[in-house]
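Same chain, two partners: chain A is paired with chain B first, then with chain C.
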Partner chain A sequence: MQIIISNTSKEPIYEQIYVQIKKQVLTNELQAGAALPSMRELAKDLGISVITTKRAYEELEKTGFIYSVVGKGSFVSEQNKEMILERKMKVIEEQLMAAIQNSKEIGIELPELKELLTMLYMEDV
Partner chain B sequence: MSFIIFFIVTLFIAVIQTIIPYLVNRTIVFGVSIPEQYIDSKTLKKYKKHYSISVAFFSVMILGSYVLWVLRNDRLDNQVALTGVIIEFALILISLSFYLYYHGKTKQLKQQNKWVENLKQMKVTDLSVRGQDEMLPWYIYLLPIISTAGLMAYTLMNYDMLPDQIPTHWGPGGEADAFTKKTPISAMQLTLVLLLMQSMFLGIHVATKKSGIKLSATSLQASRNRQLLLRKYSSWLLYIVVLAVTMLMSYFQLMTIHPEIGEGSAKMLIPFGFLVLVLVGTLVFAIKVGRSDKELEMPIEAKIMDHDEDRYWRGGIFYFNKNDPSIFVEKRFGVGWTINFANPLGYFVIFLPLIIIFLIAFL
Partner chain C sequence: MENVIELRNVNKAFNGFELKDVSFSVKKGFVTGFIGGNGVGKSTTIKLIMNLLQPDHGEVSIFGLDYKKHEKEIKQRIGFVFDQNVFYENLTLLEMRNIIKPVYRKWDDALFHSYVERFKLPLKKKLSTFSKGMVMKASLTMALSHHAELSIMDEPTSGLDPIFRRELLDILHDLMQNGERTIFFSTHITADLDRIADYITFIHNGRHIFTKEFYTIEEDYAIVKGEVGLLDRDTEKEFVGIRKFNHGFEALTAYKQRTQNIFGDTVILEKPTLEDIMLYTQKGINRYVESHT
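Presenting the complex of A and B:
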């Protein structure tokens, strides 16, 4: 559950934090309900301005990856459409990659694979 | 008695000053940050060794001369004490000079060898590290504070029993040696100072707890180990010191109300025990924390280093960083904490109680 930021990177720091926390939520490394350090704590741990961490947390809240409870802190969201979609998308990508890998191993070309995919897709419905 | 106390304190300062280079953070050498890849440099090891040998040499000379000077003739107690203070300052000044010399040399070495070029600088944290923080809770400080409040009430209740001359200062043997006229304020003075000290310590504790847990990208495990131990043991040490100060000052106050408890050896043993406890506690703390990041050997990823923060450290000692919201950060030369001078809250925590204590003591 590390956050690594680089001052020389082209991406602004808040975005680096945003992207990394988002990734950890999507890969389930940060599980639903898990408490995040407060904006102030995160800013202090990284030695950066609170404005920066605040912006990252606001973006994460806007996109629904985390939610905040006044007086209690920020937590990883439980149910979220976009989040689930994105996670599913990732799984699909991985499975397709595996299928492609297998196809390449036994010499199945792209058109043939597409055809197989279309056939299976239609059949299922 | 003066002689023994000054000898022990000076010896303690000498030992700590001598071994400091081996107790500081693994990637900091004489207040200069060194990328993990180069911390085993032969030149750096030579600098550390030369510093320690030089400081040890001067310490032995100074302490030896002090012992000889005291033993040669019968010296007056206040002479022994004054010279004791002078040699302590001398020792600190000498080690500081050596530090500054090697600070400059290390800085030069780092520049000449271009150690930071071609390395990507990064900062790292772990979202779960806060959950592993084991510092004491703040409310544990209520115990000594309530005890002081009780002592204040007890003093007021027994105001008539207090002598006409209220002691304000105690010599090294536990004997009161300065007095002031009895007034309700002078009777309460000691307990007021105690209460202020306790609040200051509580403030330091809270500010430390709220300060950042700084991890190193190149030695994640070692730095986490050190930061967590530093936080845990410094909060213990601070609390032990608060308890010891409370007991010592309460004892003095009770001795003023009931002179009979000051008879016998307790008067001498209690302050002396206090001194030994604080010094031993500090030494154990420094060594435990100082060794905590040295044993873990980490494979180093070739092209990265921790964010180079040398420009925020004046002389490697004073930290000014406006972007860092922490009030306290880990010291660069020594074991413990130092204040972020760019954060005004820090002045409030440290200097305000000190100013009030001085005002009470000297007005």
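Presenting the complex of A and C:
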């Protein structure tokens, strides 16, 4: 698991950890059931306080990306991950529906919309 | 969460100085950084925690125990690092160990020697020949060699070069791995706290200002910068302390969100350092104490 934190970033450190682990779970780099380093280990590695990693793990747990077993540690959740992907998929559908609606209102045809989507998709990497 | 140190309404008065109703606790398994300027009561507080002083009123309990009945048992479980040389200068480190060793039931010679090696300390040279950094390392060695559950350190990083300060923080991280240890340490070098402290306890003028999780400090506090024209008697009340310049003002708020709501985009909000908080609290202490508990 790779985590890179910036001390000069405006984003709080626990947030940076949260975002990076979340991303790795969503992209399957961290697979379901994989064990995360203990909060204390991670704090030591990153040279930050334990309470910061604790906060990041608590947020990850609250949003269902990981779960903790007392005495064993924290692991990447499984069924929640599928739920998250499904939820994300639903959001994407809704947003695309809105874009389609808007396109129809001003008479943009499907090929043109596809082209626009392709262009934006390629740009934002 | 279990409290390892608890102060309840502790008062202690000296000539011209007074700790007033100080209450706070130190959580088990975490590092608490203890900050405050010179002469605000930090050392007095540490002495009260170590039972080197007794409160005029109020209670101090360590591991849930009272010093009056359990002093020996409490002291066995504490490792203490002073900011001053507390060793006999004419002795060597080895001789000093021979004095300290019998005091502690859980003294661990192997551990002692591993620290001596790690810190590259000479065993057979008189302590009077030690540099300030070496004395601190010797002091740390003694405090870490008897499996103390609670380490209390008074300015452990002062007098240490940046490289060893970093190493010390690594050592402290190692100590914290099993979650059973607790560290309470005072420091002026607030940058060290960024790397290790879970909680910050701040005292000023003999009063406890706050004990907070480190990350909540940047959620609550912010440095505010803007034009002097924005300040009037009402808006000034919003701040802990204010510095006015010809080209604008800089201030500290303890209510970041509220300040943001009041001033909106007319001001710039920045993340404060612990030093900022100490500085502005010093400037605006009277108003601050009234509005905070």
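Quick note on the criterion: the second predicted complex is superposed on the first by the 82 of 125 C-alpha atoms of A that agree within 3 Å, B and C clash if a C-alpha of one lies under 4 Å from a C-alpha of the other, contacts with A are read in each partner's own complex, and residues count from 1 in each chain.
In the analysis below, contacts are C-beta pairs under 8 Å (C-beta built on N, C-alpha and C of every residue); 3 or more make two chains touch, one makes a residue touch a chain.
As the structure is a computational prediction, the values presented were derived from the model and not from experiment.
Placing chain B and chain C on a common chain A by superposition gives a clash between them. By the touch criterion stated above, A:66 is placed in contact with neither chain B nor chain C.
Shared-chain residue A:1: touches chain B; no touch with chain C. Contacts of A:41 after superposition: both chain B and chain C are touched. Of the two partner chains, chain C is the only one touched by A:12; chain B is not. Of the two partner chains, chain B is the only one touched by A:30; chain C is not. When chain A is checked against chain B and against chain C, the one touching more of its residues turns out to be B. Of the two partner chains placed by the overlay, only chain C lies in contact with A:55; chain B stays clear of it. The clash between chain B and chain C in the superposition falls on 308-316, which is one of the stretches 56-64, 74-82, 92-100 or 308-316. Across the two superposed structures, the residue set of chain A contacted by chain B and also by chain C is 7, 40-41, 43-44, 47-50.
On the chain C side of its complex with chain A, the touching residues are 29-31, 169-170, 173-174, 176-179, 194-199, 213-215, 218-219, 271. Listing the residues of chain A that touch chain C in their complex gives 7, 10, 12-14, 38, 40-41, 43-44, 47-52, 54-55.
Every residue of chain A that touches chain B in the complex is listed here, in rising order: 1-8, 21, 24, 30, 36-37, 40-50.
For chain B in complex with chain A, the residues that touch the partner chain are 120-130, 210-215, 217, 220, 307, 309, 321, 323-326.
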